[in-house]
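Paired with chain B in one complex and with chain C in the other, chain A is shared by the two complexes that follow.
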Partner chain A sequence: MTTTATSLIVTTSPLQRRRNRGRGYKAFRAIMLVLVALTFLAPVVWMVLSSFKTNVDIYNSEAAFIFTPTLKNYDTVFGQADYVQYIWNSFFVAAVATLLSLLLAVPAAYSMSRFVMKKSAVLVLLARVIPGVSLLVPWYFVFSNLRIVGTYTPLVLSHMFVSLPLILYIMMSFFDSLPEELEEQAQVDGLTPIGAFLRITLPLSVPGIATASILSFIFSWNNFMFALVLSGASTKTLPVAIFDFVGYASIDWGGLMAAAVVVTIPIMVIALFTQKYIVSGLTAGATKG
Partner chain B sequence: MKHRSIKVVTAAVAVTVLTGGLLAGCTTAEGEEGGKQTLRVTLANHVWTDIVKDKISDFEADHEGVTVEVTQLGEDQLSDQYNVKLNAGTDEIDVMMYRPLQEGKLFAQNGYLADLSDYVTRDAAWDWNDFQEGPVEATTYEGSVVGVPIITEQQVLYYRTDVLEKLGIAVPKTLDELEAAAKQIKEQGEIAGYVGRTGVSAAVTQWSSFLFSEGGDFANKDYTKATLDTPAAKEAYELYGRLIGQYGPANVSTDMSWPDAAALFAQGQVAFYSDASSLYQNLALEENSTVWDKVGYAPFPAGPAGSVPYNVPSWALGINNDSNKKDLAFDFVEWLTSPELTLEVQEAGVPAARTSVWDNPAGTASFPPQLAEAIAIGAKTGVGYDRPRVISVAEAREIVGAPIVVAITGGDVDAAIKKAQADFQAFLDDEND
Partner chain C sequence: MSTTTGTRVRTQTSFSLWANRHRKWVLAAPAMVFVALLIAFPLGWTLYLSLTDASGSIRAPHDFIGLENYFDVLSDTDRFWPAVGRTAFFTVGAMVVEMILGMLIALLLWRPFRGQGLVRIIILLPLVATPVAVGMMWRLIFEPTIGFANQFLSWFGIPAQPWLAGEATALPTLMFVDIWQWTPMVVLILLAGLTSLSDEPDEAARVDGANAWQRFWHVTFPLVMPTFITAVLLRGIDALKTFDILYATKGKGGGSFHEVETLNVYAYGLSFDYQKYGESSTVLVIFFLMIIGCIWLLTIRRKKSSL
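This part shows the complex of A and B:
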């Protein structure tokens, strides 16, 4: 009995220990995941809850989770302020800046990758290194003399200044990872170099283009500094418009939070949906390869 | 195969052309066409702005062909924008709302603000002499008028009427009485005695009334010698520190500006709060405050030098020196600051800079009577600034405010004052060079 029991203990205990260790790891992982999620989501939850509260409830810790919800703040955002226009402005500037940057940066990245133009690449990278704020005064001076401050054009151009190098560098590394043999094979089959780029390389690069586009779009959507100086009353973007709720001797916290929700939710939704797209694109590429 | 490649290239070109076209279509240069003029006005987010903005169509109706284009921003965003645009020599701003005490000297010295001395005297009916002396002084630079004050504020004492009544405490008339009352309330244990701004820079303006009432100042008259280590300044630092550090809310944060401090009062956690008169709606409106019906107002308590709160023009209107529509711009400023519109604005609760509206019962009718009285007293006894009158105001505030935080947290105030005095003296020497 004793011997059997001892041998049982001896044979099962490492397994048991492994199981225990496995359980301990799972519990630790779950706790850490919850902690990280709470840390990142807490401000968003607070923002969303506050957008349904009155100013008195926002400061009242007892009404943190239990309160009488109000839609007044959203009524202020969409009723009194011209937020539909601001949403359109943000969307338009982000979309056009991203699109134009893609049109210029993708072929440029392809050339720099395939024809090893490292010096040109470093030159473009300089645009990423120079802080945008140091360019604001000269930009404003130029755009002001061209009489285009307050229109979409300087906003799009200034956003492209950041988006273009970003897309270029993402796409350069993507093109580097694609085998050149595929294009050579296409050319053997009768395609021109441009044809091989358009019909072979570009379709395989869709996941990279999607990633670069999302990052560029998110940058444009969130940009405050360029829009503050270069936009006008009718071209104001959401990050600038949000400050309308901060007054000199009064802050409409509820309206501010509702406006923040309006700014945040679209970009979160876009990011979530396009993330799916990227994953599927990557999988498709892998299968083809 | 080739045919399809051509289609793809054609599509790409089409997208480029379309996008370019769209951009070009959006690029409509703003300017004058066929005798039409656009007056570009930059205003701060303020109740004043909300009121006058709705009336701008009246001005446009009186001035045929004139369109007023308003850009409205928060105070810090407004400053950032001015710094970039005025530095680039823009003529795309005509009328600008600015803070005379925060950036007036810098803007005037840089030549951003047009000289309005001739404009302000051109119409006797508009009456430049009706504007209060302190605010006018703050919008005058080296003898030239560079701005028209529009909004004033004075430091007043807000208190909880129910708490004082319950504990049998009289409304404090002196700083000693205020300290004794705050101590008694704190010791009672239900709520804190006093709260004010605690952030290094934010607190300076609200501490200034303590400094003036103790008989001190930031510097001597011509700003050549710092006076932060005088007995009066030391007492002001220590008293402000005791009021918040010892009789204020527990674990008080040291980066509070007015929204945080006012919120503590509005949530019923504090009995006394001293800040600008312009903040009263954050405390006295039901939608903002849980104690809205229990708020009392008193003039700033007197120190050894009497009750000497600040009485400042928080905002003024200036004209961009590079504007090519200065006459029209001043027409607009004149219209915005006319006695009639000023009265209307004050009736809506915005303290104005014209003496006549304070003398007019209609001008004070919308204010709680106690507050109107406190403002009137502050306007008479107050001084026209609440921060050092220097060019780099933000930097000066950081230096002057440092001992305030040390006093609140119970640190070595003497050492902090000594350092602030030396730093501020070096700062003044540097600015005067």
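This part shows the complex of A and C:
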């Protein structure tokens, strides 16, 4: 009797306290969530707003949120500078680098995952560690001796250096999570091991391949350093074009923000629609420890 | 009849037989050859260049000068060692803040709430944004006279700051930009770790009367430790390689006082602004050895902690 009575008191009172504290915590959590969202969203909104302002309004703190929007900056970007060409360059290089990297990395990731090739995997993943500059110097030597600096070839090759290890990394953890039984079953049914990989495993890997492709495309689209050295006037990618926008004289802030919007918004829109893939790719292999 | 078809089948499949028998290497070889050509060869070439006086035109002849570059670089207290210091400061500082903020935000987002989808999309935006554009965006916000940052401070009566234009404030400002862009990465990784945990240990601790902090520190945190260390490694490596926002906001040499010149910016400038390829390669080799050393130390830590 006495034991049940005490245990009743002990269990009810913390519950009550937790309920009261729960309400306070809920409010606190809501405020913090709004703060977090604002911190990450506000600068982007500010950039977009500024891209629709005249430079007079940008210099006027009164006109921070209330101003007459103008398309003049976008006219500067698309009219005076050759941004249509730069968008195409960025897209072309990112797409080709991603495709070629997929062709090389997906079979390799499969092999490394199924045969547990730890050492080769470490070697390839080392590529993630090497700073880009240390590859750029020797490449620049080679590419300029071949006289191909300024063409698409060195750009695609250098972007593949980022894409390939990334795809390999994502696909390895994807294949690790894919059960081997289906392939074994297919081999019992008469397919060769490579046949089983091509006809059974690959079709099942579409989500993994989508994840890897989207991330590879984004990283390539965002890449700045390789294109800064290896691209020419006609093969310039968007990040380099934005960098060149800042002249030595005073900065055309409106135009600069419009250029920044042109490069970031497409990638953000892609991210909105492929959020799940991006998150699973960025966190691939992270939870295994 | 039957023997001819038999041999035909065998010749047709002899390649496929060979490929299947050696599929481990057939599938992996193209990628490995590519990596060897584009990564191993450049590394070797960098090592070689670091021992020469290569400079000026890319086709100019260069001489082998032994370890001279290494003596020059390692005794350079004017540019090299300050760059080492800035790299370490930037990397460690940004990473520590990102890990702490990332953990806090991950805990905040962990349990379901209304509007979860929206918040998760919002924190994804900085992550996918082009670093150069992010640099330009913050450059406008931190502009000392017209930027929103100083206007924001003035609402709280705080005097205007020089931000990117100040010799002492430029590097911390860029660390802030790095933290803004990459904390979401830590959040996503830790969230993945947190959601894979089972509820039972937490429930058990709750029943035992542990408060929220005790449950986090003694139960949740040790359980997500492996994920946490992975995030530290990933962010550490990426922060160490930071170049885009530094070069895009401060330009050649990391500003007029070299105030944001990290090893990456320094090595890049030596090669592509001053055409001193030999010296630049030396800086890169030393940098690379430092990175390997750091990773080695971290992985030893990790092995010890998992024992």
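Note that in this section the second predicted complex is superposed on the first by the 246 of 289 C-alpha atoms of A that agree within 3 Å, B and C clash if a C-alpha of one lies under 4 Å from a C-alpha of the other, contacts with A are read in each partner's own complex, and residues count from 1 in each chain.
Note that in this section contacts are C-beta pairs under 8 Å (C-beta built on N, C-alpha and C of every residue); 3 or more make two chains touch, one makes a residue touch a chain.
Since the structure is predicted, the reported quantities are computational estimates derived from the model, not experimental observations.
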| item | value |
| --- | --- |
| Fit-or-clash call for chain B and chain C when the two complexes are aligned on chain A | clash |
| Touched chain A residues, chain B compared with chain C | C |
| Contacts of A:97 with chain B and chain C, given as first, second, both or neither | neither |
| Contacts of A:54 with chain B and chain C, given as first, second, both or neither | first |
| First, second, both or neither for A:204, with chain B first and chain C second | neither |
| Touched partner set for A:238, first chain B, second chain C, both or neither | second |
| Touched partner set for A:171, first chain B, second chain C, both or neither | neither |
| Partner chain in contact with A:229 - chain B first, chain C second, else both or neither | both |
| Touching partner for A:153 - first (chain B), second (chain C), both, neither | first |
| First, second, both or neither for A:137, with chain B first and chain C second | both |
| Contacts of A:191 with chain B and chain C, given as first, second, both or neither | first |
| Colliding stretch - chain B into chain C, listed as 6-14, 24-32, 42-50 or 78-86 | 78-86 |
| Touching both chain C and chain B, counted on chain A across the two superposed complexes | 59, 103, 136-138, 140-141, 144, 192, 194, 228-229, 243, 246 |
| List of chain A residues in touch with chain C within their complex | 14, 29, 32-33, 36-37, 39-41, 43-44, 46-47, 50, 58-59, 61, 64, 103-105, 107-108, 110-112, 114-115, 117, 120, 123-124, 126-142, 144-145, 157, 160-161, 164-165, 168, 192-194, 197, 218, 221-222, 224-225, 228-229, 238-239, 242-243, 246, 253, 256-257, 259-261, 263-264, 267-268, 270-272, 275, 278-279, 282-283, 285-289 |
| Residues of chain C defined as touching chain A within the complex | 16, 19-20, 23-32, 34-35, 38-39, 41-43, 45-46, 49, 58-59, 105, 108-109, 113, 115, 118-134, 136-138, 140-141, 143, 146, 148, 151, 180, 184-185, 188-189, 191-193, 196, 209, 226-227, 229-231, 234, 237, 240-241, 243-244, 247-248, 263-264, 267-268, 271-272, 277, 280-281, 284-285, 287-288, 291-292, 295 |
| Touching residues on chain B, where the partner in the complex is chain A | 1-2, 4-5, 8-9, 12, 15-16, 19, 22-23, 26-31, 44-47, 69-75, 77, 80-81, 84-85, 87-90, 92, 153, 258-259, 263, 266-267, 276, 278-279, 281-282, 287-290, 314-315 |
| Contacting residues of chain A [partner chain B, same complex] | 54-56, 59-60, 96, 99-100, 103, 136-138, 140-141, 144, 146-153, 156, 190-192, 194-195, 198-199, 228-229, 232-233, 240, 243-251 |
